[in-house]
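Just below sit the structures, each encoded as structure tokens.
One chain, subunit A, links the two complexes that follow: it is found with subunit B in the first and with subunit C in the second.
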Partner chain A sequence: MKQIRKIGFWFLVLFLLILICLPGIWIFVSAFRPNPEILSKPANWIPDRWTIHQFTQMFSINGYVSVPAFKYLMNSVIISSVSTVIAITIGMMGGYAFARFNFRGKNSIFLSLMLARAVPGISLSLPLFILFAKLGIINTSFGVILVYVAMNVPFTIWLTDGFFRQIPKEMSEVARTDGCTRLQAFWNVELPLAGPGIGAAAIFAFLLSWNEYALASIITRTVHSKTLPIGMMDYLDEFTINWAGMCAIAVVMIVPALVLTFIVQKHLVSGLTFGGVKG
Partner chain B sequence: MSRKFFSGPFILILPSILAIGFVIIIPLIFSFYTSFTSYKLTRPDSLFNFVGLRNYERLIDNTKFWYAFGRTILFLAVVLNLELLFGLGIALLINKITWGQRTLRTIMMFPMMFSPILVGFQWKYIFNDNIGLLNNFLYLFGYESAIPWLIDKYLAMGSIMVAEIWANTSIFAILLLAGLLGIPRDPIEAARVDGCNSWQVFKNITLPFLMPFIFIALTIRSLDVGRAYDIVHIMTGGGPAMRTELLWTMIARIGYKDANMGFANAMSYVSIILSIAFTYYFFTKLVQARRDLGQQ
Partner chain C sequence: MAKVELKNITKKYGEVIAVQNMNLTISDNEFLVLVGPSGCGKSTTLRMIAGLEDISGGDIYIGDQLVNDKDPKDRNVSMVFQNYALYPHMTVEENLGFSLKIAKVEKEEIEKRVKDAVLILGLDDLRKRKPSQLSGGQRQRVAMGRAIVRRPDAFLFDEPLSNLDAKLRTQMRTEIKKLHQTLKTTIIYVTHDQVEAMTLADRIIIMKDGYIEQIGSPIEVFTKPANIFVATFIGSPPMNIIEGDLIKKENKLIIKIDDEINLECPQKIQSSLDNKNKIYLGIRAEDIMPKESNDNPSNNWCFQKSINLAEPLGTETQLFFTIKNKEIISRMYNPKDVKVGDKIDFQIDPNKVHFFDAETEKAIF
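Our next item is the complex of A and B:
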């Protein structure tokens, strides 16, 4: 009886794993095979012929460009990393203030910042489009970066606030009685200790920018500023979809996200829960 | 007074407030204003054509809007509850595993890295009636007539929900697992000695401990509910015959395709209030749950 339960348990786990991984594996496999093979019935999981045709086209290795994926990739990298660095710097200052100081209206300011983040991108996109068009920053990387900074700041504050709370106040106080200024104490004591947590917050911000669609689809107009999620739509014609091409660009998009998340996954969870539980 | 205002913490928070003010608050004020005008993108001078509450009156009379509104609420209710339920199940399952738990946890985070746009496209591919993975799979079992997952008026909504649940259950699972790992062993063992069965232990000890974690997960999730737009936009675009039209896709259609900004902005406000209400509700619940736990 106990044996049967154990086997059933592991079957459940296996089923779950398949459910989680299968869609991703299917995309990955489809990126490396010729388009006609995708249409075959029944589906074959191991391509008869592996090909990197879609990738060579995308990155114009043969001189022919199907979709300017390299430009999109560069835009994505630049926009995501710059906005992450700025958002983390600004958000960390905010998080430190919330964790270490007591001031009037602290809780309501914190709540309003979080609520600002809850505004759905698509509802914000209409006025932002008009405003940015008037200011002349539509279809520029600068405009997109600005938006992503504002979107990432509240969540960064939530996370870093939690991490700074975990560091005992006394450590900074000791450093200051030894003659450090508050800034020196922060730089030499608290920042290194909160380092992994801030790294996790940075990855979170990066992923949000990397994956965002609703706002970028409005603000970016041409290859000049389009990011990968928007560029993906190039494979979508009115009536047909180039599935293999889409899978290929999906792989380009998912691999960096995958690598980054695996690096910091441990701190990610502790950051979210500490920030929330020890209010 | 003014010196105090510009002291330490305010200077530290100021950049955050400025960034949010410029990108979120100012546009919101602007869109609030345009929701009282007949502003159309094609006719810029209509920005100053003040029409009072007419956009909102049109909204109240518009049955399509109310269908989309109801569908959005239903969608969120079904999706959030199922995600919570599945997330809890997965967390309890993984909590029982002693060997390879970390690897499993890492694999479980897999869907979290997928862009919603990618999730939409991936499930559009799987649910495709012609070349889709699912129909291909059913074909293996002799089910040869292709099921039109995304074209049928009832199946389409279900398919979108599956995609949404696939993408977001892991957030619940990860956070609830963190909660489970933090539960002290003593009360559970004491309860077992006193003769509680598994269900009683779960209901009276595990669940109250998990409550703050459940609300953290719900708060974080509620910040991003609007991202469901990406998935719907890709998978069906609101079709067939607007059967999967949610508030967000309707805003995009009326604002950009029909270029009717005033009306779309009035609708945006409804969706913004909805999102903020969700977040506010879960956030206050979180604060309360935290306080309850602190008292124990």
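Our next item is the complex of A and C:
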């Protein structure tokens, strides 16, 4: 009886797992088959014909480009990487300051940073659009990077603050009596110790930028500035939708996200818990 | 090696005073121990010397240099922390050589000095290990080694043995003492353990609430405590403090402890007791001796009490009884069976009794 219940439980888990993964599996499968087959009714779960047509077209191997997906991919890589590097640099310094120093208004500044993160991004889209249009940085990678940095800094501060707090302050003190300046103590002792945590924060910031759609859709309209999620909309024509192309671009987007999440998951959970406990 | 001088050092945290007007000269090669209960300002003083804590007032000199505004790195002192604070991402060797690497000392020189330290501290087999692979005692040794290789003007120890178990603590205590004798350097050592203070120090400073209560050699602070606080802090078990009323009787000054115990006040302190009607007596447990024979040295104070508790420790038995509802401890060095309720005759040599003013709690000599 116990055995049956156990097997039943695992079947339930498997069923739920498949249910949750179903959209992802559908996208993955659809990326490798022609568009008409996707639309066939009843749904055809296993493709009759596997093809990498969408991918070859996307990366213009055949010389014909309907959607400049490779350009979008490069935009995404550049925007996400640059914004991550800047955000993690600022966030790391901010997190260190919050973890190590006492200054006037420390708690209120920390709280307001966190509150800034709580504002729904989409509510900023109109003011951002107007501001960026006036400044002339609309449709530029720079503009998007700026937005993503602002979006990620509070989060990276929150995470790295937790990681630095975990390192006993005697570490930097002993380094300083060992002849280090504060900066040397940070660089040689505290940073290597907080390294895994900071790496996790960086990957998280990267993923947020990589997946962001709402704001980018407002401030990027040209091939030179669109990121992959926005580029996906190029497959929407007036009368047709290229589902296969969209799914292919989605796969291209998902793969790095999946790999990075896999690397970071352990640290991410601990990072979030530090922050949570700190209060 | 250098002397360290503190002049009118004060440290305030907002309204709270951690250290008040401290004046102190620690001479070259001296082993000085700062001891006191938690929150007495001893660690703060050490951290101010290290430069890890700003000073609110006064001057600190290391050697002949004023170091008030100098960074810790420019003070040439080494500090050993309670939790060791070894760099977890470096091997023992790298931990030891780190300060020299930062100071851009040549590689051969670093190797030589690390080797010396490793030999002094018996860490030779552990050179390639990370701190997480070391035991508590080994970690403590590495922490000391890290301080040694710098060849600092002064070593600062902040409760370095508190995280070790009792046996290891005794062992490391001896090692620190030996280290001092080998290196012949100035050491400032903070502890709350009076045994550590007594065994290690050339000179002890007893602190309380940011003030220095007494400075002196271990024997001095033990035999001549300046006040009740020092008297009860130094020595184990703590000194017995008994309150007595001063009564004049037929031109004699009598100290009345309770209805049964009336003691004659020694001549030498009588002049200090004019117009006073109360006094505190401080008597160490070993000075309240159970009488072993009937002969009664005429100058000794004698009384009889019934025993509340007897703790045999092998070489001695500690006897507990009460005077005026206060627990008093006596040491019996020739242990015999004592049962609860037994009446025991005690004698006290008045020359070994410490007298303290009832108002100021300061010693009357």
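To be clear about the criterion, the second predicted complex is superposed on the first by the 275 of 279 C-alpha atoms of A that agree within 3 Å, B and C clash if a C-alpha of one lies under 4 Å from a C-alpha of the other, contacts with A are read in each partner's own complex, and residues count from 1 in each chain.
One rule holds in what follows: contacts are C-beta pairs under 8 Å (C-beta built on N, C-alpha and C of every residue); 3 or more make two chains touch, one makes a residue touch a chain.
The shown structure was predicted, so the numbers you read here are calculated from the model rather than taken from an experiment.
> Just from the overlay, do subunit B and subunit C fit on subunit A, or is there a clash?
Because the two structures are overlaid on the shared chain, the partners are seen to fit without clashing.
> Name the contact category of A:P192: first (subunit B only), second (subunit C only), both, or neither.
Touch status of A:P192: second partner only.
> Once the two complexes are aligned on chain A, which partner has more residues of subunit A within touching range, subunit B or subunit C?
Looking at subunit A, the partner in contact with more of its residues is B.
> Using the superposed model, give me the angle at subunit A's CA centre between the CA centres of subunit B and subunit C, as a multiple of 10 °.
The three centres form an angle at subunit A of 90 degrees.
> Is A:P229 in contact with subunit B, with subunit C, with both, or with neither (first, second, both, neither)?
In the superposition, A:P229 touches subunit B alone.
> Tell me which partner A:S123 touches in the superposition: subunit B (first), subunit C (second), both or neither.
Touch partner of A:S123: subunit B, not subunit C.
> For A:D48, is the partner it touches subunit B (first), subunit C (second), both, or none of the two (neither)?
neither
> For A:D178, is the partner it touches subunit B (first), subunit C (second), both, or none of the two (neither)?
A:D178: touches subunit C, not subunit B.
> Where does A:I254 make contact in the superposed view: on subunit B (first), on subunit C (second), on both, or on neither?
A:I254 sits against subunit B, while subunit C stays out of touch.
> For A:D237, is the partner it touches subunit B (first), subunit C (second), both, or none of the two (neither)?
neither
> Closest pair of CA atoms, one in subunit B and one in subunit C, after superposing: how far apart in Å?
Checking C-alpha atoms only, subunit B sits 14 Å from subunit C at its nearest point.
> Would you mind writing out the residues of subunit B in touch with subunit A in their complex?
8-10, 12-13, 15-17, 19-20, 22-28, 30-31, 34, 90, 93-94, 96-97, 104-118, 121-123, 125-126, 130-131, 133, 136-137, 139-140, 166, 170, 174-175, 177-179, 182, 212-213, 215-216, 219-220, 222-223, 225-227, 229-230, 233, 248, 251-252, 255-256, 261, 264-265, 268-269, 271-272, 275-276, 278-280, 283, 286-287, 290, 293
> Show me the residue ranges of subunit C that touch subunit A in the complex, using the header's touch definition.
Checking each residue of subunit C against subunit A gives 50-52, 71-73, 75, 77-79, 81, 83, 85, 87-89, 98-99, 102-103, 146, 150, 156.
> Any idea which subunit A residues touch subunit B in the complex?
That would be residues 9, 12-13, 16-17, 19-21, 23-24, 26-27, 30, 38-39, 41-43, 90-91, 93-94, 96-98, 101, 103, 109, 111, 113-128, 130-131, 146-147, 149-151, 153-155, 157, 207, 210-214, 218, 229, 232, 243, 246-247, 250, 253-254, 257-258, 261-262, 265, 269-270, 272-273, 276-277, 279 of subunit A.
> How about subunit A: which of its residues touch subunit C in the complex?
Residues in contact with subunit C: 168, 170-171, 173-181, 184, 188-189, 192-193.
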